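In what comes next, chain A is part of two complexes: it sits with chain B in the first one and with chain C in the second one.
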Partner chain A sequence: MTRPVEMLLLLYAESPVHAGANESIDVIDLPIQREASTGYPVIWGQSLKGALRQAAEDAQRAGGSAWTAQLVRQVFGSAVGADGEESAAGLLMVGDAQLVAMPVPALRRTFAWVTSGMALARLARKYRTLGRPVPPVPAVAPDRGLASGAAWTTMDEQVLGPCVVPLETSEDVKQWAGRLAADAIGPADDPVTGHFHDKFVQDLLLVGDDTMPQLVRECTELNARVQLDDGKTVAHGPFYSEYLPAETVLAASLTLREPSDVSRGAVRELLGGAPLQVGGDETLGKGLMWARLEEAG
Partner chain B sequence: MTAVERWLAFTPRDTVTVRDGRSFQAGTDSSAETVRPWPSTIAGAVRTAYGKEPEAVRGPVLARRTGTGGWEPYLPMPADVVRPPGSPRACLLRPDPELAGIATDLGEGLLAPPATTGKVEEVQGWVPGARFADYLHGTIRPAGFDLDETLRPYGAGRDPLVPERRVGLARTGGRTAREGFLYQSTHLRPLDGWSFLACNDVPEDDDWTPQGPTPFGGRGRLADVAEVSGVDWPAAPTTFPDGRVLVYLATPALWPEGWRPETPAGADLVGAAVPTPRPVATASPREARRRGARLMSTVALRWAVPAGAVYLLRFDDPARAAAWAREQHARPWGPPAAARLDTAGFGIALIGTWKGPGS
Partner chain C sequence: MHSAPGIGLGAGANALILLHRVVFVDDEGSIDKRGGDLLLKWAAVEGLGQEPGLLQRVSARRTAMLDSLRARGAGVARLRVRPEWRMAVGLGNRANPHEIGLSLHGTYGWPVIPGSTLKGMTAAWARRSGGADIERIFGSPRPGVDAREAARQGTVRFLDALPADEPVTVTVDVVTPHAQPYYGSANTGASGSGVVPPAEHHNPIPSMFLTVSGGLFAVDLTGPADDVRQAARWCREAFDELGVGAKTAAGYGYANAMTAEG
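And then the complex of A and B:
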């Protein structure tokens, strides 16, 4: 039997993303999905797989690609509730899209991306399955932080969202910033991605375990929404929706079983730098994410 | 060919979901619960990792990576450990002479807390392997002990497997919600640094190199796999005063007689602390493919004695007890309810000794 192919899917949010959870939290009527053990935002594997399937079906309907109805069923499995056919598991195993870096407002340089030792360690594990070497994950005190760029260390402390964090520069964080800017954001010499590539290289901050849980909890976007009736008065609401902010970077492991040139090529084509629609509120312009695929070897 | 032990660590990439045995179909049912991985779950993962079947799989054992890169196994709290509600002091259920002569459907082997304790409740938690050896060696006072200081169970009520409720929704071709296809399922998310271990008996002369990732449980969840060294079962005592042998189930057991195992020759079952039985559903996609049959034809549902159950035996001869313990420790206590359940990790028994209630 052919060995499964390991892939790493990096997602970069073009617009706010609402991958919805099941229960309201405090005043948030429609919260985003979060890990039960850490509180970190996440996009469940089942939600991500649904989004990938939708993209493949759209490509099949549009024509001009490798995707056929048979290949969609082979890669993603039989559709839920499909009548008259034996259910079959798909060949593509889709893991949770875990948080890599999230933008937080700052009093310098508009915003910075924050990450944590745990987030980078998880990403390092994913890179290891591809056989790729990674920079070391530096340790940091719970109430301090490390910066990729020198601009963050001109003062003793920096304001990040609701937190004030002392920062110092780190060569390891700088290396991680360079790796992620290239793999998740895009090439430096591309006029479309160049600006944010350069910003990511300068503005990645690794913060300690006292700070990160507060930032991932409080630096998401909250939108108050209402529904109007014909008389333009409020019929329902207000209700509050939570979004993962634009510029967030997530990573998910993908495993393709029994790969063929056709299935591997089709997955590569689907996720090779194209925008992907993930989560809800699509008609409100939400959930657009750039997808980039890293493969073993 | 001689068999040797090889330990494998399965580290879920994100969550684990193992069905609790009830049927579930999106569009028909609206919620699914999950349970901790069964022995059959990890035996299937071991088979996939090796690409062939070992002689026997023993597990799963929940384990935590230590600061030095090793592994500390954690075992479910023994069912004979109880405490007054909210009390930091616990005691052990032991045969009570005061209850002798009371007739019940369970026979005469009734266990009770010390007479002065009053109302008690069961204790939940995970006991580290090093402390568990103290329990097996009978060094804990049944009449009362400080729970945290003596057994050091993990976390103050925090489980290393955190339940995570997830909703799923099927969509129509028009990108709207498909009516009746909203469901909820529970996954378990291990805390960082926690994995499931399996102890595997493999022939010494063959190549047994694991390859991962492997499917682990349902819903397409994957686990990374690695061979680990320096981990072992908690040690058993070597002497058994008065022939008193304690049997602790490290994994769920499926026996022909339900909760009651086959008593070894020369021994009496003095008492047992057995928690609520759990339904075990197993299925074999490989067997279905081999027979060209539907997966549902390989599904079996049985009731298991849960891990953590404790049985107190008394042998008529301490030497005979020691011989049985040497043979039985960290092995399946059989016979199983069906073929291959013992080699799939069900009913792994850890052997200890026990003292009377006044000790």
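And then the complex of A and C:
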């Protein structure tokens, strides 16, 4: 039996993403999934696995790829309600997609990506599973922040969403920014991703534990929706749905058991720089993400 | 936020901060109207912070996403939508103390026509055709209609429409109610003696709001090719016949939608 293959799936949001939680404790009617302990936004493994399965089934239906009905069943397990066959677990284990960096509005350069010591430490652990060395995760005071680029230190403090944070540059954050820009956003020399690669290299901010919880709570997108009747007066609503903003970066660990060249190749083809539909409100254009895959070695 | 002289807030300042988080108060602690006027002025001069370089790249990445979906067999339609006059989408979204409402993109803070707005407008126009494909394209059950089949998702995706390639023009508009105390009390749901009757002695009170007055939006639809074609046709007609957003009875929201090549 061959050893399982460890992979790291990096997701980059092209449009806002609504991976919905089931209940609300707030004024938000349709909140997104969050970790109970930290309040960080997350996409649960079961939601992500469903999205990956859907992508594989779509690829199979469209034809011209390595995906066959049999391979989908092998990798993702038996389908819900599939009668007349023995149920089987899939070979792909899908972890939660955890927050790596979230865009927050700023008074210059439109927005910056914020991350935290905890988010980077978790990501470092995932990289280590692949056997890849990572830059150190720098420590920062709870009420301060570290920037990858010098544009953020021209003034004493910067406005980030609802917070005002003093920033200084950090070589470690710069290294992280370079790594993530290449792995999650895309190549620097690509005409489409190049600009965002460069922006990420300059605009990654690591903020302290006083600031991060407030930013992940308040800097999501909140949309009020109403249903109008024929006279264009409000029939129902408003109701509020919450979205993870476009430009958010998430990471999930994937493990493929009993890998074959076929299944490895198919997963690589499905998630290597391809679009992926994740979460709800699909018909409102939500949940389009770019997927990239990092493998061991 | 304290005012700091010398900080030029150019394009690249995010309207999600300036319009949603900033409040100006005077010495007595009440809201300073002049501050709100300053915010409106910034919004008009800087186009709500649309930074042309970033906007172009965001637009290019959106196009790449659509190309990528098309390569995987999805139907894709792009409309280029030019307001005939002014457009006021999201006026009721007054998420700030100065009561300035406009739909803004959740990351960049630029003017946007939300996917839900586009879908609602298109569905309202499609309803007049009464075809059986409405439930398939928009999902079911439809509001006010008994479902002919089980609840299901529509086939066509309506993406949020961003300014296409270059910034759209933002203009400060004004509406001047002549009996503001009457409208104010009637709109808060007061009844009986709570409602101030309209009268000649009330002063006209000008009230500013933001509109989009020029430029192009890219409206993108994806899904099965035939359904996307039909939805794009309805959407194009709806821009022309119904208008998008608020104040369509006063001529706002009508737009010229052209099918883009590719």
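The definition used in the following text is that the second predicted complex is superposed on the first by the 292 of 297 C-alpha atoms of A that agree within 3 Å, B and C clash if a C-alpha of one lies under 4 Å from a C-alpha of the other, contacts with A are read in each partner's own complex, and residues count from 1 in each chain.
Going forward, contacts are C-beta pairs under 8 Å (C-beta built on N, C-alpha and C of every residue); 3 or more make two chains touch, one makes a residue touch a chain.
None of these values were measured; they are calculated from a predicted model.
Participant: With everything superposed onto chain A, say whether chain B and chain C fit together or clash.
Facilitator: Aligned through their shared chain, the two binders fit side by side on chain A.
Participant: Could you work out the angle between chain B and chain C as seen from chain A, using CA centres and rounding to the nearest 10 degrees?
Facilitator: About 130 degrees, rounded to the nearest 10.
Participant: Of the partners chain B and chain C, which touch A:103 in the superposed model: first, second, both, neither?
Facilitator: After superposing on A, A:103 lies in contact with chain C but is clear of chain B.
Participant: Check whether A:39 is in contact with chain B, with chain C, with both or with neither, and answer first, second, both or neither.
Facilitator: neither
Participant: Could you say whether A:282 touches chain B, chain C, both of them, or neither, answering first, second, both or neither?
Facilitator: In the superposition, A:282 contacts both chain B and chain C.
Participant: Counting touched residues of chain A, say whether chain B or chain C comes out ahead.
Facilitator: In the superposed model, C touches more residues of chain A.
Participant: When the two complexes are placed on top of each other via chain A, what is the minimal CA separation of chain B and chain C in Å?
Facilitator: So the smallest C-alpha gap separating chain B from chain C comes to 5 Å.
Participant: For chain A, what residues appear in both contact lists, the one with chain B and the one with chain C?
Facilitator: Of chain A, residues 282 contact chain B in one complex and chain C in the other.
Participant: Any idea which chain C residues touch chain A in the complex?
Facilitator: Contacts found on chain C: 1, 7, 9, 12-14, 16-18, 21, 49, 51, 53-54, 57, 60-62, 64-65, 68-69, 72-73, 92-93, 105-109, 114-116, 119-120, 124, 138-139, 143-144, 153-160, 220, 248.
Participant: Provide the residue numbers of chain A that touch chain C in the complex, in ascending order.
Facilitator: Interface residues on chain A, with respect to chain C: 14-16, 58-59, 62, 103, 105-111, 155, 159, 161-162, 164, 191-193, 195-196, 199, 220-230, 232, 235-236, 238, 243, 245-247, 274-275, 281-286, 288, 290.
Participant: Chain B touches which residues of chain A in the complex?
Facilitator: Touch residues, chain A against chain B: 3-4, 6, 20-23, 33, 35-38, 42, 44-46, 49-50, 54, 79-81, 86, 89-90, 93-96, 98, 118, 125, 129, 253, 255, 282.
Participant: Over in the complex, which chain B residues touch chain A? Could you list them?
Facilitator: These residues of chain B touch chain A: 13-15, 26-27, 162-168, 170-171, 175, 178, 181, 184, 189-192, 211, 213, 215, 219-222, 224, 294.
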